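Below are two complexes that have chain A in common, paired first with chain B and then with chain C.
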Partner chain A sequence: MDLNTMLSYNWGAMMPEFIILGTTMALSILDLFWPVHFNRRKLAWFALTGIILACLSLISLFSFETVSILSDTFRLDSFAKAFKLLLLIGAGLIILLAHSYEPKEGLREHRGEFYYLFLTALLGAMIMTSSGDLITLFVGLELLSLSSYILVGIRKRDRSANEASMKYVINGGISTAITLFGMSYLYGVTGSVNLGEMSRTMAAMTDGQLQYIMGLAFFMVFVGLSFKIAAAPFHMWAPDVYEGAPTPVAAFLSVISKMAGFVILLRIFLSLFLTAPGDAFGALDFLEKNNIYIASMAGLTIIIGNVVALRQQNLKRLFAYSSIAHAGYLLVAVATLGGGYFLLDTIWYYLLAYVLMNIGVFAVIQLLSSQSGSEDISVLAGLGRKSPYLALAFTIYILSLAGIPGTTGFIGKLNIFLGTFITEPGHFVLAGIMIAGTVVSYVYYFGLLVQIFFRPIHSDKVVKIRSGVSVVLIICAIGTVLFGLFPNIAFDFLHDQFGDFTDFISSE
Partner chain B sequence: MMENAWLIPIFPLVAFLVLLLVGGRLRERGAYIGIIFTLASFMLSLLTLMERFSAPTYKKTLEWLTLGGTQLTAGFEINQLNALMLVIVSLVSLLVQIYSLGYMKGEGRFSTFYAYLGFFTFAMLGLVMAPNLVQLYFFWELVGVGSFLLIGFYFYKQEAKAAAKKAFIMTRIGDVGLLIGIILLFWETGSFEYGEIFQAVQSGVISDGSLTLIAILIFVGAVGKSGQFPLHTWLPDAMEGPTPVSALIHAATMVAAGVYLVATMFPLFLASEAAMQAVAITGGFTAIFAASIASVQKDVKRVLAYSTISQLGFMMLALGTAGYVAGVFHLMTHAFFKALLFLAAGSVIHAIHTQDIERMGGLWARLKWTGPLFLVGTLAISGFPLLSGFFSKDEILMAAWTNGNYFLFILAVITSFLTAFYMFRLFFMIFAGESRRQAKQVKESPAIMLLPMLVLGVLAVISGYIQTPWFGTFLGEWLVEGNETVLGAAHSEGPAWVMILAVSVALAGILLAYMKYARTKLPREGLVKENSTLYRVLENKYYMDEIYYFTIVQMIKGISLFLSYMERFIIGGLISTVTGSIEGMGKIGSKLQSGQVQQYGMIAFLGLAVLLVIFALTGGYLR
Partner chain C sequence: MNAYLLSLLVFSPLLGILMVALMPKNEERTIKQFGFFGTLPPLFLSFFLCSQHYSGVALSSFNIKLDWIRFGNLEMYDPKLFTVNFELGLDGLSLIFILLTTIISSLAAMASIYIKQGWKGYYLLFLILEIGMLGVFTAENLILFFIFFEMTLIPAFFLIGRWGFLEREKASYHFLIYNGIGSAILLVAILILFARTGTTNIAALTQMMTMGGVSLFAPISSSMKYGLCLAFVIAFAIKLPVFPFHSWMVRVHAEAPPAIVMIHAGVLLKIGAYGIIRFGMGIFPEQYKSLAFGIVLMGVISFLYGALLALVQTDFKLVLAYSSISHMGIVMMGLGALNEAGLQGAIFQVISHGLIAAMLFFLVGALTERSGTVMLPKLGGLAKSMPVFSGFMLACGLASLGLPGMSGFISEFMVFLGLFKSQPVLAAISVIGLVLTAVYILRAVMLMTFGKNDSLVEKEKLDLEGWEFIPALVLLGLILLIGVFPNLLGGPLQGTIEAMMLALGGR
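Right, the complex of A and B next:
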C-alpha cells in the first residue's frame, strides 16, 4: 500500500474515532506531566469535550454515503452511525457520572488514568460498530475488554475491586479464547477475514460437512460474545464484577460494553449467517434454521436474570441481574429477527431506552452509596421524603425498566414482544417467558419503590447532588418519559437518517 | 364541546401534578385544588353528554407510533357509552372528594390523598375515552397503579400494604389475559381500532375458535379488574383503604372498568356464543357466590365489598345474556347507590369508630341523616319498587329471561333475594335494636359529608326513571342508536310476572332480615291484630327461625364456609405454589453463584458443550 492509496482514502469517515483517539493521547500526556497536586477531576471536562466533539462530527457525517476505507476493514454505514451515536451519548453521560465519583478511599493518582482508559474502551466499541472484517472486529473487542479489565480494578487498594478485576480477566480470557477459536473456523471455511467476501463464500456453501463446521464456528462465536452481553449461562461474572467495580464502571459495563457486544453479534450474524444456507437445499438460511438456540438462550437469560434478582440485597448485584434480564429481552429480538425487517429499529430503540434508564439508575446508586458507604437496598429507604425529586427520577427509571406504559422501556419491550408474533412461525413460548419474566421483575423493581416510599428514612444525611450527576439524572428522566410518550420522535429520526439500514444488509 | 373533551381527563391530571409539586406546602388547602379541577372535569363531561344527545359520535386521533407497517394512533372518542361513563366517573369522584374534606380531617397526608384521587380519576377518565385497545390498556394499567397507591394509603398498616399489593398483583393476572387477547386480536385483524376490529369480526375473517379464545382472554382482564370469581379476592381486602376510596373504587372507577371493557367490546363477544356463555355464567355464579358470602360477614365494609362483587356479577350476567342496555343501565344505577352506601357506611364509621356490625345497633335515632340515606341506598340495591335499582335489576332479569337462559334467570332471582336479605341484615344491625354501646357521644357527620350523600341519595331514587317499562326507555334507545343490529333492543320485553317475582323476592328478603335482626324491637301486638296469617307466622317464629337456621342459613353458611375455604386453600394454595417455586429457583440460582471463578468457567464450558452436542445430534452430523 503506497502513500497515494493511503491519501486517497476518505479519512473524514473516521473523524469521530480520531477525535476520541486524540483526546485520549492528550489526556494521557496531560496526566503524565501535570503536577501531582493538580486536581485530576478537571480532566473529565476535557474528556467530555472530546466526546461531544466526536458526537458532533458523527452527526455531520450522517449525510455521507456509505464509505468503506482501508480495503473494506472500516465501514461507515448507517448501522455504524446509528449505534455509534448511542455509544457516544452513553459515554458522555457516564463521564459526567465519573466526574463526581468519589469512593471512600479516593481514586487519588488514578483518576487521570480512569478517563483515558475509559476513552480507549469507548474507542474499541466504536471501532467494533464500524469494522468490516474479523480482525478489526477483534481488535476493537480486545481494546474494549483490556481497558475495562483495568477500569474494574482501578481502585487498586480495594480488595473487592481486585477480586472483581481478576474474575473479569479470567472470564474475559475464556470468552476471547472461544470467540477467537470460532473465528478461526470461519476463516478456515471461507479463506478470508473480510466479512463481505466471507458472506459471499458462505452463501454458496451447500456441503453438509462444511455447514457443520460453520455451525461449530457459529456456536463458538455466539458463546464467546455471550460473555460480553452477559447472557446465561455465561453471565456469572457479571454480578461479582459489577459489585466490585466502581459505580461508573459498572454503568459502563452494563450499558456501553453490553451494547458493543450486541453490535458485534449483529455484525457477524447479519453479514455472515443471514445469507448462509441452513441445509443442503438452501431452503432456510442458517440463522433462521438455528434461531431456536438463540431463542432458548434468550429464554434462559430472562428467567435466570429475573429470578435470581429476586434474592439480591446489594443494589449493584440486583441491577447486574436486571441487566442480564434485559440482555435476554434483546436476545429475543435477535432470535426473532425483530419480526422481519425492523430488527435493527427494535434493537436500536431498546438500547436507547436502556442507555437512559440504566445510566439513570446507576447515577442514583452512585449518589446514595458514596453518601452512606453501603450498597444495600436499604439505603433507598425513605428517599421519597428525604429528596423527593431524586426519588421521582429513580421511580421513572424503575418504571421504565419494569416496562410500565408511558416510559421508553415499555415501547421497547412492546416492539420486541410484537416481533415474536410477527415472525413466521411465531415464538409464542418465548413471548410467554418474556411476559412471565416481566411479571417476576415487578416484584424486585417495586420492592425498590416500596423502600423509597413506604419505609422510614434510612439516614438523615441530606443527599448532595453534584451538578454533573444532576445533569445526568435530568437527561435520563426527560429522555425516558419523552421517548416513552412520543416514540415516533426516535423512530422518525432513525428512518429519516438511516432509512431501513438497507446499505448494511444488502451491500454484503 | 366534544372537540374539547380531551380536557376532561387533563383536569384531574393537572390537579395531581400541582398537588405533587406544591401539595406539601398547601396542606389541607390542597383539597380545594383537587375539588375545583374535578368540578371542571365534571362540568365539561356534563356538557359533552348534553351535546352527545343530539350530535353524532365524535372521534379525533393523531398518529402516535409507527411499527413497521402498522400505525398506532392516539386520540379520543365520544360515543354514547363513554359520554355516560365520563359523567358517572367525574361526578362520583367529585362527590367523594367533597366528602373526604370531612372524612379525612386531621389526616397528615391530606394533599397526597387528593393527589392520588386526581391521578386515579385521570386514569379512569382516560380509559373510557380511549378510541383503541392500546390506549385502553395504557390507562387500564394506570388505573391499577392508582388503586395500588390508594389502597395502600395507610402504608404503615401491615394489612393495607398487603391489600395494596394483592390488588395490584391479582388484577395483573387478569391484565396478562387482556394483553394476550389484545395482541391476538391485533394478529388476526391487524388493528387496534375498535371500529376496524368490529368490522373484521362481522365480516367473518376470524375463525370461530380464535374469536372465542380472544373474547375469553379479554374477559379474563375484565374478571381481574371487576373482581369476578376467581380473581375477586383482592376486592374485600381492598377495604383497607380509606372509606371514600372504597366508594370510588367500587362505584365509578376500577371495578367499573371491567364491565366497561366488556360493554365496549360487546360486538366481539356477541360474535362468539361460547364467550357470551362464559361471561354470563361467570357473572351469574359470581353474583350468587358473593351474595352468599356477604350474608355472613360482620364487617360493614366487607359486606358492601361482597355486595359489589355480586352486583358486578349481575352486570356481567346481563351483558352475557345479550342485555347490553341492562348491563350499562345497572352499571350506572349501581354507581350511584353503591357510592351512597359506602359514603353512608363511612359516615357511620366516622361516628362510632368501629366497622364491626355486631358492635353497632340503635343508631337510627342518633344519625338523623345518615340513617335515612343509608335506607335509601339499601332499598335501591335491594330492588325495592320505584327506586333506581328496581328498574335496572328488572331490566337484567328480563334480559336473562328473554335470552332463554332459565337457569341463570333462577340464579339471578335467588341472588336478588339474598341481596335484599343481607343488605337489610346490615341495615338492621346498624340502625335497629338496642344501642349496643354507650353512645352518648355519637354525633352526626358534618354537612360537608352529608351533602354528597344527599346528592347520591336523590340520584339513587330518580336515576332509574330514564329507562322504565312505564315512562319510556330513553336511555336504551339512546345507547343503541345507530347500532340496533349489534347492541340489541333498547328494552327487553318480558312477561309481567317477572317484575312481580322480582319484587316479591326482594320483599321476602327484606322480611326475612327484618324478622331475624329487627324483630325484638317491634311491638308484637301491632302486627298480630292486623293480619291473622302473619299471626301464625309470628306464632311459630322460633320454629320458623329454626327452619331458616337449619336449612337456608346453615346451607348458605355451609356454602359460604366451603367457598371461603376453597378460596383460602385451593386458590390461595395455587398462588403460593407459584410464588414458592419462583423463589426456589431464585435460591438455586444464587447458590450456583458461589463466587468461585473456576465454577463460572466450568458452567460456561458446560453450556458450550451442551449447545454443540445438541447441534450435532439434531443436525444429524454424528451418524
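Right, the complex of A and C next:
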C-alpha cells in the first residue's frame, strides 16, 4: 500500500477514534512526566474533553453517506454512528463517575492509568461498532477486554479486586478463544474475513455439510460472545467481578462492555447469518431457523438473573444479576429480530435507557459505599429522610429498571414485546418468561425502595455529593424521565438520522 | 378551551403537588391545607364538566388528541401505524367515575388529617395517585390507560407501606405483587392487540374486533380473541377483586391508613369494574358473552364467600374488607347478566359501594383516632359515648345492606332483576347472600354501638366534631340522593349502556 492510496482514504470517517486515541496518548504521556504530587484527578476533565470532542465530531459525521475505508475493514454506516453515540455518552458519564471515585485506600499513583485505560477500552468498543471485517472486530474486542482486565484489578492491594481480575482474565480468555475458534470456522467455510464478502458467499451456501459447519461456527461465536454480555449460563463471572471491581469499572462493564458485546453480536449475526440460508432449500434464513437457541438462552438468562437477584444482599452483586436479566431482555429482541420491523430501534432505545438508568444506579452505589465502606443493601436505609433528592433520583432509576410506565425502561420493554407479538406465530412463551421475570424483579427492586423509604436511618453521616457525580445523577434522572415520557424525541432522532439502517443491513 | 379542559382536569393536582413540594417538611398545618386544596381544582373542574353536560354540551367535544409516540419506522405503509396518541376522552361512564374520584379524593384528603408524620411525602403521593385515577378513567387508548393504571400502583404501594398499621410492609408487598401480576397480564393483552393491529385506540379496536378489519401483520385468530378477552377479565378481576384473587385486598384494607382505604375501596377497586366494562365487554362483546356464565359464577362465589367470612371477623376493618369482596361479587353478577338491568345495576353498585365504603372507612379512621382500635370485642356501647358517630355508622351499614331509599338498594335490586332474567338458578342461590349481608352488618354495628361499654370512657367528649361532619354528611347525602333519585346516575349512563347492549346483541 503506497502513500497515495493511504492519503486517498477518507480519514475523516475515523475522526472520533483519532480524537480518543490522541487523548489517550496525551494522557499517558502527561501521567508519565508530571510530578508525583500533582493531583491526577484533574486528568479526568481532560479525558472528558476528549470524549466530548469525539462526540461532536461524530455528530458532524452524521450527514456523511456510508464510508468504508482501509479496504472495507472500517465502515462508518448508520449502525456504527448510532451505537458509537451511545458508547460515547455512556463513557462520558462513567468518566465523571471515575473522577469522583474515592476508594478507602486511595488510588494514588494509579489514578492516571485509570482514566486512559477507560479510553482505550472505549476505543476498542468504538472500533467494534464500525468494523467490516472479522479481524478488526476481533482486535476491537481484545482492546476492550485487555483494558478492562487491568481496570478491574486496578486496586492492586485489594484482595477481592485481585480475585475479580483473575476470574475475569480467565473467563474472558476462554470466551475469546471460543469466539475465535468459531470465527476460524467461518473463515474456513467462506475463505474470507470481510463481512460483506462472507455474507455473499454464505448466502449461496445450500450444501448441508457446509451448513452444519456454519451451525457449529454460529454456536461457538454465540457462546463466546455470551460471556461478554453476561448471558446465562455464561454469566458466573459477572457478580464476582462487579463486586471486586471499583464501582466506575463495574458500571463500565455492565454498560459499555455489555453494549459492545451486543454490537459485535448484531454485526456478526445480522451481516452473516441473516442472509445465509437455513436449509437446503433456503426457505428460512439461518437466523430464523436457529433462533430457538438464542430464545432459550434469553429465557434462561431472564429467569436466572431475576431469581438469583432475589437473594442478594450486596448491592453490586444485586445489580450484576439485574444487568444479567436486562441482557436477557435484549436477547429476546435479538431472538425475535424485533419481529422484523423493530430490531435496531428496539435495541438502540433499550441500550439508551439502560445506559441512563444503570449508570445512575452505580453512581448512587459509589456515593453510598464510599461513605460507609459497605456495599450491603442496608446502606440505603433511611436515605429518603436523609437526602430526599438522592433518594428521588435513585427511585427514578429503579422504577425504570423495573419497567414502570413514565420511564425509559417501560418504553424499552414495550418495544421488545411488540417484536415478540407481531410475528405469526408469536413468541408467546418468551414473552411470558419476560413478563414473569419483570414481576419477579419488582420484588427485589422494590425491596431497595423499602430500604430507602420505610427503614430508619442507617447512619447520620451526611452524604456529600461531588459535582461530577451530581451531574451524572441529574443527567441520568432527567434523561430517564424525559425519554420515558416523550420517547419520540429519541425515536424521531433515530429515524431522521439513520432511517431504517438500510445501509447497514442491505449493503453487506 | 373545551379541548384542553380534560387534560387540565387530569393534571390539575399538579398544582397541589407544586405547592406541597415547595413547603418545608415540618409545616404540618400548611402542608395539610395545601394538600387538601390540591384536590379542589379537579373537584371543581369535574363539577364544571358535569354542569356542561347537563346544559347540553356533547361530552365528546372535550376529547383531545395529540401526537405522542410512534414506534418503528413504518410510515411508508400507513402513517398511523404503531402510533400512540395522547388522547383523552369522556363519555357518560367516565364522567360518573371522574366525579366519584374527585369527590372521594377531596374527602379522603380531608380525612388525612389523622396522618401523624411524613405529611409532605404523603400528600405528594396522594396527589400523584389522584392524577393516575383521573387518567385511567379518561384515557382513550390502552397504552395511556396502562400508564395511568400503573401510576396509581406505585404511590399506593408507598402510601400503604409507609403510613399504614403494624403489618403495613407485608400488605404493601402483597398489593404490589398481586397487582403486578394483574398488570402483567393486562400489558400482555394490550401489547398483543397493539402488535397485531397497529393501534391501541379503544374505539378503533372495538370496531376492528367486532366488524373485523384488515390486518397488515399476523391476524388475531378467534381463539386468540377468547384468550385476550379472558386476559382482560382476569386482570381486572384481580383488581376488583373477586374470589380466588382477593387475599391481597383484605390485607390492604386491614393495614393501610383509613384515608387511603377510602380511596382504595372507593375508587381503585372500581378500576377493575371499569376495565371489564370498557375492554372485556366493549372490545370483545362476542367472546364476553360466552364467558358470561363464568363471570356470574365468580360473582356469586365471591358474594357468598365474602359474606360468610365477614360474619365471623372480629376486626371491623376485616368485616368491611370481606364485605367489599362480597359487594364486588354483586358487580360481577351484574356484569355477567348481559342485559340492561344487570349492567346498569353493576355500575350503580360500583358507585354506591364506592361511596359507602369511603364513608365506612372514614368512620373507621375517626374511631381509630379516638380509641386506637376497631377490634369488635374491645368496642361496645359507642351509642352512649358517641351517639352521632353511631348514628352515621348505622345509616351507612343500612345503606350497605341495601335498605330501600339508599343507593345500595337500587343497585342490588337492578342486578338481581337482570340476573333472574338471564341466570335464574344462580340468582336464586345468591339470594342467600342478601340475608347474610344483613346479618353481618347488623352484627358488627350492634357489637360496636350497643352492649357494655368497657373500652372508652363515657364522660369524655368523643363524638364527631367540626370538620368531621363534612365528609360524613356529604357521603351520606350522596348515598341518599342516589337512593331516591337513581336517574341522576342513570341519565349520563344511558348512552354508554345502550351502546354496550347493541354490541352484546341486547336482550
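Keep this in mind: the second predicted complex is superposed on the first by the 508 of 508 C-alpha atoms of A that agree within 3 Å, B and C clash if a C-alpha of one lies under 4 Å from a C-alpha of the other, contacts with A are read in each partner's own complex, and residues count from 1 in each chain.
We take it that contacts are C-beta pairs under 8 Å (C-beta built on N, C-alpha and C of every residue); 3 or more make two chains touch, one makes a residue touch a chain.
The structure displayed is predicted, hence computed values, not measured ones.
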A:T423 touches, of chain B and chain C: first, second, both or neither? second
Partner chain in contact with A:D240 - chain B first, chain C second, else both or neither: first
Which of chain B and chain C A:N171 touches, first, second, both or neither: first
Which superposed partner A:G406 touches (first chain B, second chain C, both, neither): both
Partner chain in contact with A:G499 - chain B first, chain C second, else both or neither: second
First, second, both or neither for A:Y293, with chain B first and chain C second: first
Touching partner for A:L216 - first (chain B), second (chain C), both, neither: first
Partner chain(s) touched by A:V481 [first = chain B, second = chain C, both, neither]: neither
Chain A residues contacted in one complex by chain B, in the other by chain C: 339, 341-342, 404-406, 411, 415, 417-418, 421-422, 426, 435, 439, 442, 453-454, 486-488, 491
Of all residues in chain A, those that touch chain C in their complex: 339, 341-342, 345, 384, 399, 404-406, 410-411, 414-415, 417-426, 431-432, 435-436, 438-439, 442-443, 446, 449-450, 453-454, 486-488, 491-492, 495, 499-500
Chain C residues touching chain A - in the complex, by the definition given at the top: 67-74, 82, 121, 143, 146-147, 150-151, 154, 157-158, 161-162, 169, 173, 176-177, 180-181, 184, 187-188, 191-192, 194-196, 217-219
Complex contacts: residues of chain A adjacent to chain B: 166-167, 170-171, 174, 178, 208, 212, 215-216, 219-220, 223, 227, 233-234, 236-237, 239-240, 290, 293, 303-304, 307-312, 339-342, 404-406, 411, 415, 417-418, 421-422, 426, 435, 439-440, 442, 453-454, 486-488, 491
Touching residues (chain side chain B, partner chain A) in the complex: 63-68, 137-138, 141-142, 145, 152, 155, 161, 172, 176, 179-180, 183, 186-187, 582-583, 585-587, 589-590, 592-593, 595, 597, 599-601, 603-608, 611-612, 614-616, 619, 621
